[in-house]
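The following blocks contain the structures, represented as structure tokens.
Paired with chain B in one complex and with chain C in the other, chain A is shared by the two complexes that follow.
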Partner chain A sequence: MAELTANQLPAAHDDHGHMSAEEHNENMKLGMWLYLASEIVIFSIMIVGYVLFRINQPDVVELAHGKLGVGLVTANTFVLLASSFFMVMGLRAMQNGNRAGMLRWIGLTALGGIVFLGGQYIEYSELAHLGIVLGYDTSSIWSTFGMRFYAPTFFHGAHVFVGVLWALEVMRRGAKGRYDDNPIGIEMFGLYWHFVDVVWIMLFTLIYLV
Partner chain B sequence: MAEATHELAGGDHGHHSNTVSLLGREISVEGGIYTVVFGALAILTVIEVLIAEFLKGAIHDSPDAAVGLTALKAILLLGIAVIKSSLVIWFYMHLKDEKRVIAAVLLLPLLIAALSVMFVLAIPPTGYSI
Partner chain C sequence: MATIAVPLGGQQERQAIEAVRRPALSEYLRWSVDHKIIGVQYGVTALLFFLIGGAMAMAIRLELLTPNLDVMVSGAAYNSMFTMHGTIMIFLFIIPMWAAYGNYVVPLQLGAKDMAFPWLNAFAYWLIPPAGVVMLLGYFVSPAEAGWTSYPPLSTLFSGDGQTLWALGAHLLGLSSIFGSINFIVTILNMRPPEMTLWRMPLLCWAVLATSIIAVMATPFLAGALTLLLLDRMTGTTFFDASGGGDVLLWQNIFWFYSHPAVYIMVLPGMGVLSEVLSIHSRKPVFGYRMVGLSSMAIAIVGFTVWAHHMFTSLQPELRIPFMITSMIIAVPTGIKMFSWLGTIWGGKIHFTSAMLFALGFMSMFVIGGITGVMLAALPFDIHVHDTYFVVSHFHFVLFGGSVFAIYAALYHWFPKVTGRMMNERLGVIHFLFTYFGFLITFFPMHIVGMLGMPRRVAVFDPAFTDMNRLISFAAFVLGFSTFIVFYNIIHSYFRGQIAGANPWRALTLEWATTSPPPVTNFEDDPIPYEDPYGYGTEAASAYLDAVDQAFDGRRPASPGGH
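Up next, the complex of A and B:
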């Protein structure tokens, strides 16, 4: 997605229909919010699949909670919350004209995403070892639980992975001074990353705690 | 740090200020409201885990009260999760500074999803008996 800088755009909406930088930014943000709105619906479907299972098979979920534990996932949650903080600090730094600061904060954001994915890999490995797998054996309680557990958590993990790649791209562009005049590209990535954080806040509570 | 000094000297309370009004007191913290929100998110997460672990033990020890305690646990934990999510959306995603149309874009799918979820939850898993 190519962002236009303030220098590349006319100062106001002219007779040729060119947008001002401000209008361009507003349109970009609205587009991102609309995309995130569609993501809400997708994640809601996965969450309700899990909630129905939670209501109808409480004993299985309690057993699963015993196997899952909360130590690793709580640490992972803190990592993702911290990465959201790093993200917003990166945007703040760029808005203050501090490019080097922005690169540091966004780098920490990407690192947080990588650590989160590492934690998720460890968790999945442990669960697979305990027999909680992604399968379609309806006669196995762990298979039916696994379907409902892995679908939302893995889909979320895939979003984190995309976010890490996006963070690295933001750093590459930022290092070239792409956001010096108009940091909308960082703000767009921030909206995505914070949304991924919000989804995890809900998944953490619904799947691991309730 | 020059940036922080400038902001403090400016004394504005925008989203770049390091001065935050908290419970009627002005505090100065690097990162301003963003740091305060992160602190709140971390504390709420700890509270969530403590409530979950405490009530899990209570449910195990009192099978007679299990239904009520499970419902209480769900309400408390989901309430905290909604507060945490709202903090991120309001401050980190800057919804507080956005136009109303953005809030509508966010709330409309949430409403549709909530209605759909209620519909699915209302259907008995094996159908209605007549």
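Up next, the complex of A and C:
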């Protein structure tokens, strides 16, 4: 009848309960992509909300464009794009075993994020000065523009803020040598940071340019 | 002479296995990254919320014994009662309950040692108790009363602070659901041992995969909508307020774009359970295995195209027919499953265990819910019964007759694996009879009162419906009572139940090829799955099952001439 054979497979896991670094990295990447997919959905709701408003109320948006100006925000966009480049350089440095270089580049990435947030703060103050506020206000011509502008841009700004904190955490861990063997943690942050960047390009195009 | 590979076949390992004990109860109250502990945490939490939500249902039926407002202090109290009943049952019972089974069973069925992200897994669970508390805290301010669908302007202009807490709680639960689902997808795609190919995967894993894909793609819609709702409530924006340049239908569109797929989040794992239970307890292979797996995927995809059938009365008329058609199309993959199940048990050696009874109960009830679903998808009929008890009846047939029956079937089926002890079968049968008839007499008459025109979500109704509502209420109390039978059974069996052994149902899937409960690492090495997860009724399968029995329980094979 049945003949029992012990499990003769080569163990795919290096130890009980522990994944190999390669498996671990694959899992992290797939998980991160899925997470970003769900983030896209949340942003898309706000973006679509804005686009519908843009189509239905072109005059209000054009008036806003007249007031907004694109100088500051263009500079801000450039800073954010540059920080994405710094991020890639940081990952490259770590892959080449250059820990100090990685710390420098990721530090620049975080700095880019901080500058971006500062620019956004200045922009919000100017807009508030013009009377563009978040809440609905019957006395203002901007009454319905504010929420559709602030919701997506602030939600994005919050993501930049989280990204800056994450970059600092990557630096803290990196300084301890956490990524010397396996820079997946930096790559995870990189995926997130690129995502934040791509979303901004969408927002910049749709809100400021079109 | 079949050569059967059984994981952990050697005597030495047996010694190690015998040392396995059930985790101490205190381990369930702590942070743990073991998927088996987390699974039980999910399950017990969900069952506690089931009791709360059930008590609310009893209060609703008590109020509806008479056509006047007499039990509740006000109509608003009644509104908050059905709002919280629906919210708790959906967000805090059914969805976490599937996360419980998914967490406990899926890694075992795959032959994995744990989920892909154990820490994230624990985090996703620990979001749930605070979220539930936040929602219930609404009772200390002014509870949410806009229904579980929370349509503005009810949820923006006419609700108290409890509605804000409701939205915050739902937000946390959505986050938990997204994290949990990411974990399931990565686990199922990446954590399988080499022999566990996709087409050898048990159907519960297929169902959980499909469910998780829906949850990752749909739940963020809810998150986005809730964010805008919170802004409207707290910062004075007017996204959903037409008088402030907003759009009321925006909420309905986004909400149902999440919540219709969420219906499948609530029932697809149950369909996976059915395929397991029906096959194992009738000793027959699943009929059309691949089609059942693929139909889960088809439901996941088509589920995203039907949302506006919830809005037939508020939608642009020209969009109604397309949504009517997609809504009818989605009955096809569901029908595939139904026929597959019939084909599975056809001519099988059916064991009327409690798990099997509930699985058969699911089939009979879900077919009714499915047919009324197609009826409701038909536009002319829907306009007639819109917002009546017909709709209430329909979704209870799919969510109670479907999901909850499947939850019970899964409970009786996997309880031995989780606790090492069998549930009491006699009590299980009594529980089934009370539940089945209590359920049928509660919800079937609702079709009739609905077609006669009784609107839902009202505490005061036309006295002409009094007799029917009495009948419904008394049956509902029976149904409520049945819950205590199963709770008693759980507690009694946990301490006094018959020792189960590794594989009490003689099942071929991998969760049964380890001890009950399994050791912390589940398996000592990557286990080798049997060639066909549902290949019952062959000599090779019996030999494999005998070998499993012998390896784990030291039992001699029942057949003559054994090893």
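Just so it is clear, the second predicted complex is superposed on the first by the 189 of 210 C-alpha atoms of A that agree within 3 Å, B and C clash if a C-alpha of one lies under 4 Å from a C-alpha of the other, contacts with A are read in each partner's own complex, and residues count from 1 in each chain.
Basically, a contact is a pair of C-beta atoms (placed from the backbone, for glycine too) under 8 Å apart; a residue touches a chain by one contact, two chains touch by 3 or more.
In this text the structure is predicted, and so the values were computed from the model without any measurement.
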Contacts for A:23 in the overlay, against chain B (first) and chain C (second): which applies, first, second, both or neither? second
Per the contact definition in the header, classify A:151: touching chain B only (first), chain C only (second), both, or neither. second
Under the stated touch criterion, which partner chain does A:198 make contact with: chain B (first), chain C (second), both, or neither? first
Chain B versus chain C as contact partner of A:77, first or second or both or neither: first
Figure out whether A:46 sits in contact with chain B (first) or chain C (second), or with both, or with neither. second
I'd like to know which partner A:38 touches here: chain B for first, chain C for second, both or neither. both
Could you pull out which residues of chain A sit against chain B in one structure and against chain C in the other? 26, 30, 34, 37-38, 40-41, 44, 52
Which residues, counting only chain B, touch chain A once they are in their complex? 3, 15-16, 31, 34-35, 37-38, 41-42, 45, 48-49, 52-53, 56, 70, 73-74, 77-78, 80-81, 84-85, 88-89, 91-93, 98-99, 101-102, 105-106, 108-110, 112-113, 116-117, 120-121, 125
What does chain A use to touch chain B in their complex? 26, 29-30, 33-34, 36-38, 40-41, 44, 47-48, 51-52, 55-56, 58, 65, 70, 74, 77-78, 81-82, 84-85, 87-89, 92, 95-96, 98, 190-191, 194-195, 197-198, 201-202, 204-206, 209-210
Per the touch rule above, chain C residues touching chain A in the complex are 1-10, 113-114, 116-117, 120, 178, 181-183, 185-186, 189-191, 193-195, 216-217, 219-221, 223-225, 227-228, 231, 235-239, 241, 244-247, 250, 254, 520-521, 524-528, 543-544, 546-547, 550-551, 557, 559, 561-563
Chain A - residues contacting chain C, complex: 1-9, 11-13, 16-17, 23, 26-27, 30-31, 34-35, 37-42, 44-46, 49, 52, 57, 134-136, 143-144, 146-147, 151, 155
